[in-house]
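Following this line, the structures themselves.
Each of the two complexes below includes chain A, the first together with chain B, the second together with chain C.
For the complex of A and B:
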């Protein structure tokens, strides 16, 4: 039985179960129909031209975890930001783990989607926002909608600044092998409100897991969102991340994606401008090796005047790793005075590594400033020579230069402990001792 | 006796029969439609050898299994291939007896382009004296070329006279199965040009001049094959700056270039087919497949100025197979009113130290859509491959669109690829500056557009660069205000 059939039959069982999903029956029925019609995306689709899911869809994954797992803090400590006080929403094999988590209802609601779906007081928010911006025709997003049950729910009311970052962490263990996880996150940042989020998916074993996560984010007028995705998973773990952000006037959304490991990572990051004078920033570092695969698809939809978007993605590919970058900027004819900037720089370290990139512009307005730049190249031989001439061994010199290449993305990271951690991860990956704290 | 309905019916029936009887014998136009018989008949009419007929039929078989592509960023009503007559004897050349009868609008355009009177007549379809200059000029050309051993003739002639060359190279760069329109062209191509430059020969003239005069009537399915043997050089210009009032809806041409070791081919195109009227009615669908293959140390350079056609779908490409080979692509695509263009290039780097340059300038005005779609592919063995791409778009008004779809695929760590694209409009300050100095807005825009396109215009053979500049000006007329 292939994965599509497994999922369709699991859906029937899931639908019959009692749980928070009951509240969404109509939307879920619609979604499973979309998935049934489209199936998993194939290379025949323009958006999936360079990415095949065959290794996942030919495999067997299960939807329901068999056993509930409890984890000791000791075992997972290294994956959780410790040196800063944070709210935490932690899931283990798709099930909420109260012991490791720290949620709140004071000032802002930082809790579970399952709770938000069932409790009547959240009903107006769910009705207004849930499944409103996610692409209903994208088959993987529809699949997630059909299996929506659990995930993070963050609601920051008007004027509230959440003082601590929120960590959303998903652990996968070897107690439930070959699990297909489908978390669903809903984040609403109210007028003049602010929040910082760190999201991480982590396998604790070398077994295969497949995560298909969908996150819907709404930034209301003048809201600020700062979102960090840390993707540094085991070599057998695959992740498909679809994030949809709807922005209102004067809001600023920033998303940083750090893709350092996993078998297959696909990021669909979509920004939709619902009003004028909006700022969207997306930055990313991809640093992979082995036969890993990372695909970044971004979309910025400029539909109103005087908005800005900034994109900066750096990629370093070693061994047989493959990278894909597809940045799409659409500027509608109403969106005059748009300033859209896109940059994608890549370095191939080895002969078997490859990169496919497509920085795409679709522009219908004339008074705009849009530019994109894309390079594929190597480290500067002269710089390498300069360092070697001054007694720095070639390996270290290469490491340092590569580190410098990726590092400038980190300038816009505003959580110190995230910055430190990413810095260390990059340095470790490149095998350099930078010898200073950044 | 009263004339009854019965009788009328009978009369009509017989009448139809009568007509049918006559047309079958006399007509030189094939019946409308596309099938194997038609393909055979085209081949037979052109007295082609059996291998060519077979080649066409194979292409047709492949064609039938293919679907019309719809990935391009253009929208149009697909032409009904069954409602086209695939072969007709050259249309009666004479439409008018003198220039006075020709549409004055057309004449005005000719005048602006600075086309000679004789040529004007030819282009507008006015009867011209047979011993007009051009024919004798053509003969002189032919002599000079023959002296050097250059073969330059129609492809039908080449199939008969030089079968060994045609057999070896036709379909070698663009296989018959390459795409829907290439397959269609392979099956039904009416005529086209063939050019062979022998080893070490530097073709002494732009092959354009000759071509320009002889181009009329080659039909809608052109096939061009240019072979530059080792160490040779040729510059080739296709098309015409004058507006061709061609009534054919669909043009599906195929152009193949072969640059053998150390050879260089420069291929320039100026396309100004009927773009449809101001309301977007009519116009030519231009679906062209153009590709060249570069052997060791050779160079192919494509230059194009696209201002005509309602829908353009065209990607002149280079396969850089030989080590140290070079591919270049310089393009200006201008769309106005309801025109749509999806054009660009493919640079396939296979050999070591191969280099490619892409400069594309898109100008959209009116309600047109202009897309650049390009591919730069570096294979695993293409060590030290180098590419530089630049795509600039200029928008006029907020009813048009400019799009960029650059695909970049690198499989070699030694590859160096740079791509940059910008989109902007004509600055009000620039126009103001011109106005201040007594240049009216329309002229100012033409000036600015010319400056914007300069990098590409410079690559055109000199006499055409001048005409192309004027052409840009004319195509933009009425886009301001």
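For the complex of A and C:
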């Protein structure tokens, strides 16, 4: 049985179960039909031209976890930000883990989607936002909708500034091997509200896992969202992340994506402007080696005047690693005075490494400023010699140059603990002691 | 300290240096002059250890040890410093962080701990003052957007920080106005000492008015065709390089 068939037959069982998914019956039925018709995306689709999921779809994955797993803090501590006080929503093999979590209902609701789906008091929010910005025609998103049961739920009411960052962490263990995880997150940042989120998917074993996560985010008028995705998973773990952000007037949504490890990572990051004077920022560092694969597909849909978007992605590819960057910017006719900036710079460290990078601009307004640039290069030999001549050995010189290439992305990271961690991850990956802080 | 014997070297199959002999002792300042294309920069690059240059014949001894097989960083650790004619821009690394890394990497090789932060800071301040470098300048990305004068001052600042035994200054006067030239030359002069040798590579005599050499060598077509004392530089200035070319 291929994975599509497994999923379709599992759906029947899932649909028959009692659980929070009951509340979404109509939407899920619609979604499974989309997936049934389309199946997994193939290279024939323009958006999947450089990315094949065959290694995943030809494999067998398990849709439901068999055993409930408890974890000791000691075992997972290293994956959780410790030097900063945070809220935590932690899942282990797709199941909420209360022991590792720290949720709240004071001032804001930082809890579980399953709770929000079942308790009547959340019904209006679910009705207003759930599955409202996710792309209903995208087969992988539809697949996630069809199996929606659990995930993070964050609702920040008007005027509330959430002081502590929120960590959303999904662990996968070897107790449920070859698990297909489909978490669903819903985040609403109310008018004048602010929240910081750090999201991580971490496999605790070297076995294969496959995560198909969908996150819907709504930033209401003048809301501020600061979101960090840390993707530094095991070599056999794959992740497809589809994030949809709907922004209202004067809101600013920022997403940083750090892709340092995993077998296959595909990020679909989408910003939709629902009003004027909106700001969207997306930045990323990709640093991979071996035969790892990372694909960034971004979309900014400028539909109203006087808005800005800023994209800056750096990629460093060693050995046989492959990258894809596709930055789509749509500027509708009404979206005059749009200022859209996009940059993608890449370094190929070895002959067999590769990157496919493509800006995709569709501009229908005539008074806009859109700039884009992409570069692919190697480390500067003259700079390496210069550094060596000052006593910095070649390995360290390469590390320092690579670090310097990527580090401007870290300047906009506003959680110190995240900045330190990313800094260390980069230094470790490059095998150097950077010797100074950013 | 530096003893070069019958050095033949070049890159991409082309031999540029055709039998260089040069002996530099501690405390001495040597000037190497010559017309464009005579091999001046190749000589400095080969001594510093650029990988792309091959030595086909001859030897380079530093403190009695053959160094021609050593990498550039290994030579730097032994105390060889090259001030670049065209210092490289390194965006994302500040002047301070770069010099800290350079010093601590050298200390690591020497089996020493990293220099304590307060000591490093004190030294940076002291040496920056020597080169009349503003502290704001130290937190800028290395050489990025620096003027010609700033780049060269920064090179000598790094020399002052690294305290090499042998400093090779490649065209340090190029791109400098008179004030910058004075500051750079003053900095170099303060770094002269009985244990340190300096090789000044220059096209023009004007730098040698500020950094007065003990010996002057004239390079032409990859060979030292004439050696003398500082008066030779004046003679060259007066007669031009054609005089040497005709003689050779």
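Just so it is clear, the second predicted complex is superposed on the first by the 438 of 438 C-alpha atoms of A that agree within 3 Å, B and C clash if a C-alpha of one lies under 4 Å from a C-alpha of the other, contacts with A are read in each partner's own complex, and residues count from 1 in each chain.
Definition applied: contacts are C-beta pairs under 8 Å (C-beta built on N, C-alpha and C of every residue); 3 or more make two chains touch, one makes a residue touch a chain.
These numbers were taken from a predicted model, which means no experiment stands behind them.
A.B. asks: Would you sort A:375 into first (chain B), second (chain C), both or neither based on which partner it touches?
C.D. replies: first
A.B. asks: Is A:291 touching the first partner chain B, the second partner chain C, both, or neither of them?
C.D. replies: Once the two structures are laid over each other on A, A:291 reaches no partner at all.
A.B. asks: Scan A:52 for contacts with chain B and chain C and give back first, second, both or neither.
C.D. replies: Neither chain B nor chain C is touched by A:52.
A.B. asks: Between chain B (first) and chain C (second), which does A:348 come into contact with in this model arrangement: first, second, both, or neither?
C.D. replies: So A:348 only meets chain B here.
A.B. asks: Just chain B (first), just chain C (second), both, or neither: which does A:390 touch?
C.D. replies: A:390 contacts chain C only, not chain B.
A.B. asks: With both complexes superposed on chain A, which partner does A:362 reach: first (chain B), second (chain C), both or neither?
C.D. replies: first
A.B. asks: More chain A residues touched by chain B or by chain C?
C.D. replies: Counted on chain A, the partner with more touching residues turns out to be B.
A.B. asks: Just checking: does A:234 make contact with chain B only, chain C only, both, or neither of them? Give me first, second, both or neither.
C.D. replies: Neither partner.
A.B. asks: Looking at the overlay, does A:412 come into contact with chain B only (first), chain C only (second), both, or neither?
C.D. replies: The answer is neither, since A:412 touches no partner chain.
A.B. asks: Within the complex, which stretch of chain C touches chain A?
C.D. replies: Counting only chain C, the residues touching chain A are 48-52, 71-73, 75-77, 81-82, 84, 87-93, 97-98, 100-106, 109, 114, 158, 162.
A.B. asks: Given the complex with chain B, which residues does chain A contribute to the contact?
C.D. replies: Residues 46, 50, 333, 336, 346, 348-378 of chain A touch chain B in their complex.
A.B. asks: For chain B, which residues are in contact with chain A within the complex?
C.D. replies: It comes out as residues 71, 378, 380, 393, 395-425.
A.B. asks: Can you list the chain A residues touching chain C in their complex?
C.D. replies: Residues 380-383, 385-394, 396-397, 400-401, 403-408, 435-436 of chain A touch chain C in their complex.
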